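Each chain carries a letter (A, B, C, D, E and F) given by its place in the written order, and its residues are counted from 1.
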Amino acid sequence: MNERILSAGNLGIKRFFALDSRAYEKGALDVKTKELLGLVASTVLRCNDCITYHVVRCVQKGVSDEEFFEALNVALVVGGSITIPHIRRAVDTLDQCRKKQQEDKPIKL
Amino acid sequence: MNERILSAGNLGIKRFFALDSRAYEKGALDVKTKELLGLVASTVLRCNDCITYHVVRCVQKGVSDEEFFEALNVALVVGGSITIPHIRRAVDTLDQCRKKQQEDKPIKL
Amino acid sequence: MNERILSAGNLGIKRFFALDSRAYEKGALDVKTKELLGLVASTVLRCNDCITYHVVRCVQKGVSDEEFFEALNVALVVGGSITIPHIRRAVDTLDQCRKKQQEDKPIKL
Amino acid sequence: MNERILSAGNLGIKRFFALDSRAYEKGALDVKTKELLGLVASTVLRCNDCITYHVVRCVQKGVSDEEFFEALNVALVVGGSITIPHIRRAVDTLDQCRKKQQEDKPIKL
Amino acid sequence: MNERILSAGNLGIKRFFALDSRAYEKGALDVKTKELLGLVASTVLRCNDCITYHVVRCVQKGVSDEEFFEALNVALVVGGSITIPHIRRAVDTLDQCRKKQQEDKPIKL
Amino acid sequence: MNERILSAGNLGIKRFFALDSRAYEKGALDVKTKELLGLVASTVLRCNDCITYHVVRCVQKGVSDEEFFEALNVALVVGGSITIPHIRRAVDTLDQCRKKQQEDKPIKL
């Protein structure tokens, strides 16, 4: 669907998608930290698709379970109990990623 | 006002305030990373008081200007142009903190 | 400003304002319960003007301090730490109302 | 389900539903413009059911693809990357409507 | 999934879940009122899982249909038409609970 | 403050600000319609600075009072009573702009 949207010819949308990708590239902050920022932002704003994306990216960048739950705890305290269904989603995605890692399967988006 | 609220005798609120403080303490993630998470969460949720708090804490923990703007850029992309007034607030607080640092004055909350 | 808006001749807005007032009138639920619902809804949505309004109405309807803090605790748990600045506002308004009550002064909106 | 809700006898809810319908009727602004306003409001507030409704209405009122993507671009810039899953939904609904138009089938809500 | 999350060993998250449960226990306000507060807060914040939970709890605590719709009307006026899909969800859950009550079946979470 | 932010050297933020400006330029939709879209999006998301900006731009582009209130009515119905303080702000800014127009003074941002 992203390809469909980008092919529609709206320059503003195309550029926004480019900005979105670049925001998580290595800079003064490393990619792992930026993906954790993206995960917490997505969780407090309660966007399941965004959460799934950033969980996979966090796993790819070597975030440990302990780091993962500490980041989710910040989101939970800041955003309150309405984030709980989204934290469940994040942990479910994490568990699927960890299972693939144990089976030496690739973790893809 | 926090003292007034904590003195009101509601145990749930008292415990919530304790959880809030502990969420940013050192664990698997260091305090600097957690404060950046708090800053981005506060910015996308557009809470000025929370932003001011986390900017000061970030400065105290040695966040550089470049790291600071990269974190704000993640918040801006995730949360959109409605976060701009809050990003202005964050940068204004940063500038005040940097000025105090140059004058060797303490940066307090 | 409400009078200015109502005088502008937009029927939809005028009717919305009427619906808004009626939502808190006595029905199967009493006014006190409805004002507590309004207070919690306003707090999790972080609308300071709405919070001030519903705190004053709660006090007028005899809500005790204990009931008041229990309702705010629900809002805090559901909405998270970003509601804290608004809970401060609510408690500050409560304190002003209580002071007026002690001085036998009317509590007006 | 709307009929079930309206039959429940709560006058406030019934009147709100009436206000909701009337807000998009022709006035000083035409229906097409109002439906675009509804589409952008629904997108930044991330309500998929509302988005689907307003996309169908926009198509019925002759909104072109170019106009459609420009309105979505405003929503994307204002609301940020968390609106992207909802923009995907909007474009998917648009594509379904266009397909029905090509097959000369009615576009219904 | 809650058990999975609680078993992950993050003390902050564990304590938050405990605070969440306790917020709805009997205090100066009775459980029924607190569940109505939870229902309205969940509806204006548009969290379907939370809505389902609080509807079931409201039914268990004897909330009548009339009280139920009055609380939803407050949520609708405060939160606007974007809450309508969630109000549909709430009424659907209510209808399922009422059907179970008529068949003398237990209403479980 | 915008100049301060743009001078900080973060390319992502700089590009975002450019996208933000371009989103309201004439395309398939005219500037007036786009500014109304921006006004309604800002009102339902409750961003006062954004509202002030778009009200001034709407006046500059010849939006009539009737059109203005119809757009605000869409925002009010979609976003609910929590938008009322922001609708007050919008109308107050409108009145200031109209006064300047009567006095033949320029309406500036």
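What we mean here is this: a contact is a pair of C-beta atoms (placed from the backbone, for glycine too) under 8 Å apart; a residue touches a chain by one contact, two chains touch by 3 or more.
Being a predicted model, the structure only gives us computed values, none of them experimental.
Peer 1: Which listed pair, B-F, B-D or D-F, reproduces B-C with over half its contact pairs identical?
Peer 2: Answer for the repeat of B-C: B-F.
Peer 1: Please work out the Cα centroid separation of chain A and chain C, and write it as a whole number of Å.
Peer 2: Comparing mean C-alpha positions, chain C is 37 Å from chain A.
Peer 1: Taking the mean of the CA coordinates per chain, how far is chain C from chain D in Å?
Peer 2: 32
Peer 1: If you average the CA atoms of chain D and of chain E, how many Å lie between those two points?
Peer 2: Here chain D and chain E have centroids separated by 28 Å.
Peer 1: Could you check chain D for residues that touch two or more other chains and list them?
Peer 2: Correct list: 12, 16, 19-20, 23, 42, 44-45, 50, 66, 70, 73, 76-79, 81-82.
Peer 1: For this assembly, give the contact graph shape among line, ring, star, complete and other.
Peer 2: Contact map by chain: complete.
Peer 1: Over in the complex, which chain D residues touch chain F? Could you list them?
Peer 2: Residue list for chain D touching chain F: 19-20, 23-24, 27-29, 33-34, 36-38, 40-42, 44-45, 50, 64, 66-67, 70-71, 73-75, 77-79.
Peer 1: Any idea which chain C residues touch chain B in the complex?
Peer 2: 46, 65-66, 69-70, 72-73, 76-77, 81-82, 84-85, 87-88, 91-92, 95
Peer 1: For chain E, which residues count as touching chain F in their complex?
Peer 2: Interface residues on the chain E side: 44, 76-83.
Peer 1: Using the touch definition up top, name the residues of chain A that touch chain F in the complex.
Peer 2: Going by the criterion above, the answer is residues 11-12, 15-16, 19, 22-23.
Peer 1: What part of chain A is in contact with chain D in the complex they form?
Peer 2: Interface residues on chain A, with respect to chain D: 1-2, 4-5, 8-10, 12-13, 16, 20, 42, 45, 47-50.
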